[in-house]
Every structure is written in C-alpha cells, then in structure tokens.
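Note that the chains take the letters A, B, C and D in the order they are written out, and that residue 1 is the start of every chain.
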Amino acid sequence: MLDWLWLVPGLPFLGFLILFAGQGKMPKRWTTLVGVGSVGLAALVTLLIAVEFYGTPEAALTYRQTLWTWMEAGSLKPGFSLYLDGLALSMLFVITGVGFLIHLYASGYMYEDEDFPRFFTYTNLFVAAMVMLVLADNLVLLFLGWEGVGLCSYLLIGFWYRDPENGRCARKAFIVTRIGDTAFAIGLFLLFRELGTLDIQDAMSAATATWPRDSGTATLIAVLLLGGAVGKSAQLPLQTWLPDAMAGPTPVSALIHAATMVTAGVYLIARTHVLFQLSTDAMQLVALVGVLTLLMSGFTALTQTDLKRILAYSTISQIGYMFLALGVGAWSSAIFHLMTHAFFKALLFLTAGSIILSVHHQQDIFKMGGLRKALPVPFATFLVGCLGLTALPPTSGFFSKEQILNAVWSSPTGGQLIWAGAVLGAFITAIYTFRMFFIVFFGEQQTEAHEHKGFKFHVPLIVLAVLAAVGGFFHLPLTSALPHAGHDHVPLGVEVTAIALPMVGVLLAYLLFYRQIPALRQLFETGPLKSLAAFFYSGWAMDWLYDRLLVKPFVALARWNSKDLVDQLPAVVSRGAALFHRLLSLSQNGQLRYYVATMALASLVVMAVAVYTG
Amino acid sequence: MSYGASLITHLWPLVLFLVLVIGLISLMLAGPYFLGSRRNARATGEPYECGIVPVGSAQYHVPIPFYLFAIFFVIFDLEAVFLFAWAVAVRETGWAGFIEALVFIVILLVALLYLWRLGALDWRTFRQKRDRASVLLR
Amino acid sequence: MTMTELHALLPIIVIAGISVVLMVMTAFFRHQRLASLITYGGFIAAAVLVAGQTGSGPQQATPLLIMDEYSRFFSLVILVTSLAATMLAYDYLRRSDVFKEEYYILLSLAVLGAVVLVSSNHFAAFFIGIELMSVSLFAMVGYMVQGRTRRAVTLEASVKYMILSGVSSSFLLFGIALVYADFGVLSFSGLHSLLGLHSTSSYSQIGAAMIVVGLAFKLSWVPFHMWTPDVYEGAPVPVTAFLATVSKVSVFAIIVRFFIESGAFRLEALVQALVWIAVLSMLVGNGLALLQQNIKRLLAYSSIAHLGYLMVAFIAIAGSNLANTNLAVEATAFYLVAYIVMSLIAFGIITTLSSPERAEEAETLAHFRGLFWQKPGLATAMGLALLSLAGIPLTIGFVGKFYVFAAGVAGQLWLLVGVLIVGSALGLYYYLRLIMEMCKAPDTEPAISREETPLENRVVLSALGLVLLVIGIFPNGLITTVHAAVAVLR
Amino acid sequence: MVDVALIDHVFILAAILFCLGLVGVLVRRNIIFMLISMEIMLNAAGLAFIAAGSAWGQPDGQVMFLAVVTLGAAEVAVALGLTLLLFRRYQSVDVDNLKELRG
C-alpha cells in the first residue's frame, strides 16, 4: 500500500492536467467529478496508507519512495523522491482530508461561476503542489512545492480578476510572501553550501554532526528559514497580506488561507527542527514572533467588521500559537494544533461562505444579525467552530491549545511572561469569536437570508463540525518524527487559569454583544479606547506604517530617479545590445567575396596563432 | 650522391619529356610548312574549329547539351580512374576486389541508365522532343 | 574484406543501396510516395542494423572505418534525424512543382556521407564522408531553383554555399596533406603518438590549424559563419532543417573523435585559438540574432550560438583530469542530441507553415503572430522548442546546457562559462520575443494557410515534442546511453 | 622525413598554387574564374598529397589525390549547372549580383 504513495500528489496533478487539457469545455458534471474526485481519491489513498502505517511499529515509521533521479551531472544529483514519516502523514491527513471536504463544498459554492473549471484547475494544482511540498525529501523539490503553492495562491486570490482590486490583493500577497521566499531561498542555498547535500534527512543529520550548539551558521540559516516561514504563514512582520487575500472565493480562503498553505511555515520549521534545536536564539525568536503575532492579530480581530477579515486575523493569531509551540520546542503540539485548527477554521470559513452566500455577498457582520432562525445548519456548525476556536473543553481546540500553553509555561524559551501573553491571547480570542457569533446570529435581523441547502453544502459542514468537536482525541503518529517535548508538569493554578480565562471571555462577549449592557458599550465608544479600537481596526496600522516607511520612500526614490540611473541602466543595456546587433549586422553584407576574404583572413590568424604560439 | 646529382636522376625523365614534346610540336608545325602546297583561298586564313564553320560572334549561346556532355564525360572519365587503380592490383585483390569493382561498375551503369531515361543523353531540344512525341501520338 | 567486416558495413551498404534503388526506380517511373517509402524503409532498416550491432564491441571495417559504440550512437542519431527530416519534407515537396524523387536520392547520399563521416577514423574516409555530404547538400540547397514558383534567393544561397564550401574543403584537404607529409600516417590513432609531441615541425601545426579552419566552416564557428544565415534563409526550409541538424552533428561528432584520438588537444596554441572562436561564436551568434526579424535567419544565428555553447564542452575535453574529460565528452554528445531535437522541431514547424506552391516560406514574424490562437498544437510545439533553445528547466535544452555548464566549470574554463551565461541571457530575449509574438492577437488577415497539418508532420512533431519533454524530465536514460557511447574514445 | 629538401620545394609550390587559387576566388567576380581558382586550390592540395605520398614511399598520397580529383569533378558538375542558372537569371556571370541575402 505504501507503494501507492506517489498517487497522493499524482492524482490531483492528473486532475489538473485533465482539467487544463479540457480548457473549460468539459461539462460541469465531469469537471466536478475530476476536480473533486481526484482529491477524494488522494484522500482515500492517504487513509489506506495511514492504516498500514499505524500497523507498523512506530520506530520504523519512515518510508522513502524514489520516483526517479532527474539527472546526474557531476556531484549534483537532484532527484524526485518522496519521504513519508509521521509528520508528513499528519500533514497529508489535513491536506487531502480537509482538502477533499472543501473541494466538495466548492463544487456547490462555485457552481454558478462561469469560471467553474478554472477554479478546480487551480485548486487541483494547489493540492498537488502542497502534497509535493510535504512529501519532498530534498530541498529542490521542497522549494518547487513551496513556489507552486505560492503561485496557486496568487492565481486564486485574483480568481475574480475582472475587479482590479482583487488583482491588487493578489499582487500584494505575492510580493509580500516573495520577501520571505527570498530569505528562504538564501537559507536553502547556504544549507546546501555548508552541508553539501540536498537531501533533507541527510542535511539534518549532517547539521548535528557539523555544527556545535548555538553555532552562528546554524542560527543564521535557521533565521533565514524562519523568514520564509514567516512570509508564508503570515506572521509578524509579514502578516499584512493575509487579510487582503480574502478577496479570493471563500473555499479558497478555507483551503489555502486557513487550513493548508499558510501552515506550510509551521511544517517547514517542524521539518527542520533539528536545525532550530541547535540554536536557542532562533527558537527564542520563533516563540517571540508567535506570541507577538497572536496578540496583535487578536486585538485587531476584536475590532474588525468584515466576517472574512475577522476569520483571517484569527487565522494569523492561531498560527501564532503554532509558532509559539514550535519556539518552545513543543513540536508535536504545534502540529496537533495545526490539525485541529484546520478542522475548526475550515469549518468556520465554509460556514461563513454559506452565510455570505445566503445574504447576497454581504460580508459586514453588523448588516447581518439574527440569522439563527433563517440558517439553522450554519448556526449549529458555526457554534461548534467558535467553541473550537475559543478552545473550550471538550472541543478539539481545547486539547491542542492546552498542550501549547502548558509547554510554554515550563519551557526555557517560554516562561511566565510569554505564557501570560498567550493566555491573554486566548482570552481575546474568546471575546472576538463570540462577538462575531452573537452579532451575526442574534439581535435584529438586518437582511433577507436564503439558505443554500443540499448535499454539497451540508455534508462538508457537518463532517467538519464533527471533526472540530472530537478531533482532540486523535492520536497523531508524531512520536518518531519529532522529538517528544517531555511531560509538562504545571501548577494546577496555571492550568485552571488557562481554561477559565476563555470562559470569562465568552461571558464578557455575551454581556457586551448579546445583552448589550450600555455601561460597557459606552466605555468602548468613547475616549481613548475608541481611538485604540480604530488603531486595532487598521491592523495596528501596519499597512500604514509599511506604506510610510517602505513604499512611499521607494516610490519617491523611483520617481526622483525616473530619468536617472534606475531607468537608464536597463535602457543603456538594451540600447547597447541593439547597437551591438546593428554593428554585427553590417558584417553580414551578403557579398560572397567579402565572406571569402573574411574566411581567408581568419584562417590566416588561426594558422599564425598555431605556429607562433605553439 | 650529392643533392644536385639526385635532382638530376629525379628530373631527367621530365626533361626528356619536355624535349620530346617541344620536338614533336616543332615537327608538326614545320612539316606542313615544308611539305604542304600553298594556296590562297578564301577560307585559308580562318581558324580551324573541328569542322564547324566559325561564323558570327564568339560569344554565342552554346546549347546546354554541350555542357551536360562535358560534365558526363568528366565524371565517367574520372570513375574510370578508380578502375585503373583496381586494374593495377587486380591479382592482389582477388575475387573480393573483382566483386567490389563489379558493384562499382553496376552503380555507374545505374547512373548511366538514369541519365538515359531522364533524357539527358537526348540531343534534341525540348521543342523537338515535344514535336516528336506528338508525331508518335498521331 | 572479411565477412565480419561486411557485416559491420551492412548499414552503410543499405544506405548506399537506397540511392541506387531510387535511381533505378526514377529511371522508369516517378512516384513521390513510393520514393519516400523506400527512403524511410532504408533508414529504418539501417537504423535497426546499427541498433542490432550495439554492444558488440568495436569493429574495424577496412582501415578506413571503425564501428564502435561512438560511431553507432551517432549513426543511429543521424538516421533517426534524417528519417524525421525526410518525413517533414514530404508535404512540402508534394506541394512544390519540381521533380520530387531526386530529392530523396540526394538526401540518402548526404546521409551516407554523414554516416561514413561519423564512422571514420582515417583521413580518407573522413574526407570522402564530409565531401559526399557537402556536395549532396549544395545540390539540395539549390534544389528548388528550377521550379516555376521559385524563391529568388535560392540560387544565391546555393552559389554562396558551393563556393565557400569548396574553399573550405581545400583548406581541409591542404591541412590533411600537411599533417600527412609530416608523419606519413592518415589514420587518427596513428597520429596519437606523434601529433603535438614533437612540436619542432610547423607542418603539422599549420596542418592541424587548416583542418580546424575547414571544419570550422562546416560547423559555422565565428568567424567562419558568414554563409550560415544566407544559406539557411535561401535554402528550402526542409533542406535547412537537414543542414542544420545532420551536417552539424556529424561534423561535430567527428571533430571530437579526431581531437581525442589524434591527440590534437595537445596543440595548446590551437586550443587557445578555439577558446576565442568559442567566445566569438557565443557572442556574435546571439548578438546577430537579437533583433533579427527573419525567423530562418534568427534560427541560423541561434545555431551559431549553440555551436558555441557546444565548444565550451568540447574545449573542456582538453583538460587533464580523466573524470572531467569524460563528463565533457558526454556533455557534447548530449547537447548534440538536444540541439537536434530543438532545431528539428523549429524548422519542422516552419516547413509545415510554409506554402511552396506560392513560393512563400513562413519566415517572417507575421507568420507567427497569433499562432497560438490559430494552430495551438503547432504553436505549443514551437513554444516548447523555443523554451528548450532558451534553456528553460524541464526541457531537453536545459539539461543539455546544464551539462555543458557543469563540464565548463569542472574544466575551470571561467571565461567560457561566463560568456555562456551572458549568451544565454541574450538568447532568452529573442526566443521569448518570438513566443510573445505567437501569443499576440492574430492579424485579421493571417499570413499562414489555414490548411490542415499533414499527418506525417503531426506525428513527427509530436514525437519530437514528447522526446523534448520526456528527456527534459527523465534525462537519465539518455545520459546512460551517451555515457556508454563515449566510453570507447581515448 | 625523407628527402627533406625535395618535399619542401614541392610544398612551397603547392602553397603558392593554393594562395594563387585563394586570391583568384577573392579578386575574380566571374563565377567561372572563381570555379577555376577553386580547382587550383584543390589541385594544390592534390599535389601536396602526391608529394607527401612519394616522400614516404606510400600509395596513400595518390589514393587521396584520386579522391580529390573526383571531388573536384563532382563539385564542378553541380557548379556548372548553377552557373547556367545564374547566367539565365542575371544575363551575366558576375557573383556580385548575389546580394539579396544579408542582415
């Protein structure tokens, strides 16, 4: 069964090829069949592989499948091999399983769209690239998958390309992640240069052998890789693209910008954890990035009014938790949270998609209100999702977040202060989640709502709701792939605080947005807190800051320079090349005897060289 | 043997050849002068061109068959050179050489056949051929 | 001649047989389809014979010819290439108004010359092969001059090619004579213990230089390249396709063998001259192609540049490290195959789009404008070929260029590697320019005919496109083959 | 090397012939004369072969000479055909008429 591993990336890629070849001329039924079916089959294969995988003893849980060696020129032998271990398998679960449910949902959600086939062409390619990224056993393939998912993300954010605003959002996402990718590429190159191998496993074992603890090189490479991860996973300071990425269709937001691609950074760090373990500084940095991001985006989510943007900021915040977990060495907790997050966040996005579709593409939560009656199924599933996001027991989010918080408390790179920040984040999460929930589903109904019913809409929601509810009981086969963090003993008070604060947050949200206690509301609508809220609303003014600090000066510099060097350099090159061409063209004058003369002269030179220097 | 002497031993056949050629030509030119009768007719002063009467300008169009034949001659003549080389060593090469020479000649024959069927050996002009064909058809 | 020798020579005899059979046939009746089928059959039979002998070890057949893995590999390459080129030419010839059958005679003679050339390890066979090929080629270049709807430039191209080729042959011959005078040996291996070792005599130095000059002309190395664009443009495009692939590859294959077996790499001054020729070829070829408007000329200049890239690997053979030289020889062989595939597709598409009945070839940018929207299949193949020529990953051209690059780096030829990179960057510009042209909206009055692409062309072009991609993705099969083929040298 | 002096002389003669031929190709515009000059170059090479062969006492030189002469004939055969066409097209045999292909 393990031999079938190549089918997992192969099937979606085949789907992509078929859809691409069909050029949108296939009937919609076939398109659905191919687009959804390929991912479904991949999920099935993953399941079968997992069955066999769980049957083998954990210590031997790695499997390598060499598809082919691309070429052997000198010592460089890039090959196409797949590497499966517990970590990769866990990711495969998420990508193919959740991916399949989202595809199924999208086949209903996107049905009316004229570019229906194009959508599935992109998403199938995305799944193939993402699986490739996860299964890559060498850095080249990893990078290929990494860029592949980035490309698909770009294409899908700008899916409705007729609105130039969407194109702008797509470009922003592409450029911002590109900054991270550059760091990532430099890191990979350094890794190859220092260790002389492209194979990830070899590189990891070579790294421990080559570098002592806290060596400068290891730290540098780890930080560069972190740069790539930060860009892809929308962490501080490169988080600004993700809210804008919501311009894409909602299933895309669920698939790429919540469940899978944005967690690639987490996967990358987990995959290269050996490197990070070598460097305390890098680990500390990861933890700091995580906690700062989760706090910042939590506060921002508190004030947003656009349903999808709230979810986007909450995604950033939750990935912040994953980074925090990585930073404190709780590797498996990070991946565990990655999975549970994929469940409840995909659920929330899909439900949000249903809601938005029902209220005619209205995304402002203050214009919804009281939808509980009109949309019973989304109401129920959204509630489950919110409970998971808030990490209330016994939903899946509770288990994973509790693990993380406990690890933070006792880790050397964590500590009480960071723990306090993380718990505060959990508290805020509870507030903004239920703020959203109460405003959307309670209060006065502001708009008409027509629920889209049907198999394709409800089945994914219900399945995901069940997963979000009970996913915390899953046991991921990570013991052999990632070092065990050790059993964390934390004081009882700490644990109780961590569980209780979110509940308090829910209560606060209830009072504020359901009961709407005037005194409290007044507090927020006046004075310094209001301007603070505006500040939060703008995403801590990060876009403004970048605009002032980077974009404006750059544009100004470019404008000032437009007649000068920057523009002149390419012009000089192209003009020089053209001149070169014209000069050479003169030599081709069509005169036979001139050609003979040139030949005779040249042969004279060659002969002279041969005789006089020989 | 000194260099000069060796040169002489190498070159004396050439010298002899030159002397003989010059002698023969002198003989041929001098003979008629002494032996021939002298008449002064209209055509006496004209250059002799293998029986063709030299009329008109020297720059006239020669029909293509002339060139074709010249080329055929040169090529087939040269192929004969290879046969000459074989003839020198006919005993040493034995039957294998014979078969090879045979193949060579057969290929030449095929080429000749091709030329013949293509009409390249046909002296007539295109118009003459067409007229002939129409006569036959009638 | 023994039976084993005869057996080894059988492929060559079969190819020679094609032209004889065709002559007999043509003498009695003319039939293009039959002639083409005989030619295909002959090429296939010869290829099967060569393939059947692969692995049976080197066999010296007469002192002139050697049948070893190297010559078998290139014979096979030449035969398959010629088959493809002949198939691509069928429809073009059918639509033109000249005698068709003689084309096949000339072509099979040229192939015979090429196969003899790559199998030679003696100057006599070397010379006969190269001249048999060249004389057939200049008859082929001028093949269409007789047609009623002829292109005016064909005659010019053939005259230029003939004169320059004759001059270069004289250089080649005189060079051989000088080397022969110095050592009294005509076989390559006989020279190995002599050439470059006693450097007192300038006979062999000048001789080797003149041989290089003669071959440089055939390979259109700068500054012996001037005929290339004119002949490529003037010749009928199926002939150009053949000229650009078979003649280049066979001469390059033999120059590699000659230099290795005769020890000519020991002539350091000559190698130094080759370095400058390579630099010039890469720069001048790409520079001339840069803004070129005529596609056939553009491809001619690009082929000059590609021959320059090949020289990087060729010069790397001169190094002293055995592993590196093996890598370099492999790189040349691999790149030659890659070059054939890419050029054949490009010229094949021009052939397919041309309309000889109107004496018009698809050689201007206008013919390619918007091709993607009119003939997506052909445009895709052309796009693939151009991407491969530009050296974009996952194409055969990339692997080839990478290989050459690796050989250059291993041989520490920094100047050449640097120029290779600059040249590739220039190349990217004009290849992509052509691709962009194909993506544009088509003109209202498309320059190309709307006719259906003939089946033969479709089969050949898709097969070549497939090869281009498959070897680009799985190059190891070809690498292993090439590795085995070049192992016999040295 | 056998008989150094003699072979040097012959090679000097051959080289002179070769250069004469090359100069002929360069300076003549009449294609007929270019062809004749080309033949002179070829025959210079042929002469060199004969000389080298006889110096080494081998028949190889003469064999090569035969090949050279055959090549010359074959080239001339094609060349004369092209010359005729050239004359028909331009009513002259001046190769400088051929200058359409360039750039």
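FYI, contacts are C-beta pairs under 8 Å (C-beta built on N, C-alpha and C of every residue); 3 or more make two chains touch, one makes a residue touch a chain.
Note that the structure is a prediction, hence the values are computed from the model and not measured.
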Greatest separation from subunit C - chain, by CA centre: A
B-C or C-D, whichever has more C-beta pairs in contact: C-D
For subunit B paired with subunit C, centre-to-centre distance based on mean C-alpha positions, whole Å: 39
Distance between chain centroids, defined by C-alpha means - subunit C, subunit D (Å): 26
Intercentroid distance (Cα basis), subunit D paired with subunit B, Å: 21
Inter-centroid spacing, subunit D versus subunit A (mean Cα positions, whole Å): 73
Two or more partner chains touched - positions in subunit A: 585, 588, 590, 592, 596, 600
Contacts with two or more other chains, residues of subunit D listed in rising order: 22, 25, 63, 74, 95, 98-103
All touching chain pairs, where touch follows the definition stated at the start: A-C, A-D, B-C, B-D, C-D
Subunit C partner contacts - residues on subunit D that touch it in the complex: 1, 7, 11, 14, 18, 21-22, 25, 31, 34-35, 38, 41-42, 44-46, 48-49, 51-53, 55-56, 58, 60-61, 63-64, 67-68, 71, 74-75, 78-79, 81-82, 85-86, 89, 95, 98-103
Residue ranges of subunit C in contact with subunit D within the complex: 123-124, 127-128, 131, 135, 138-139, 142, 145-146, 152-153, 155-160, 162-163, 166-167, 169-170, 173-174, 176-178, 180-182, 184, 186, 203, 229-230, 233-234, 292, 294, 297
List of subunit D residues in touch with subunit B within their complex: 5-6, 63, 66, 69-70, 73-74, 76-77, 80, 84
Partner subunit C, residues of subunit B touching it in the complex: 96, 100, 107, 110-111, 113-114, 116-118
Subunit A contact footprint on subunit C (complex, rising order): 159-160, 163-164, 167-168, 171, 199, 202, 205-206, 208-210, 212-213, 216-217, 223-224, 226-227, 229-230, 267-270, 272-273, 277, 284, 287-288, 290-292, 327, 399, 402-403, 406, 409-410, 426, 429, 473-476, 479
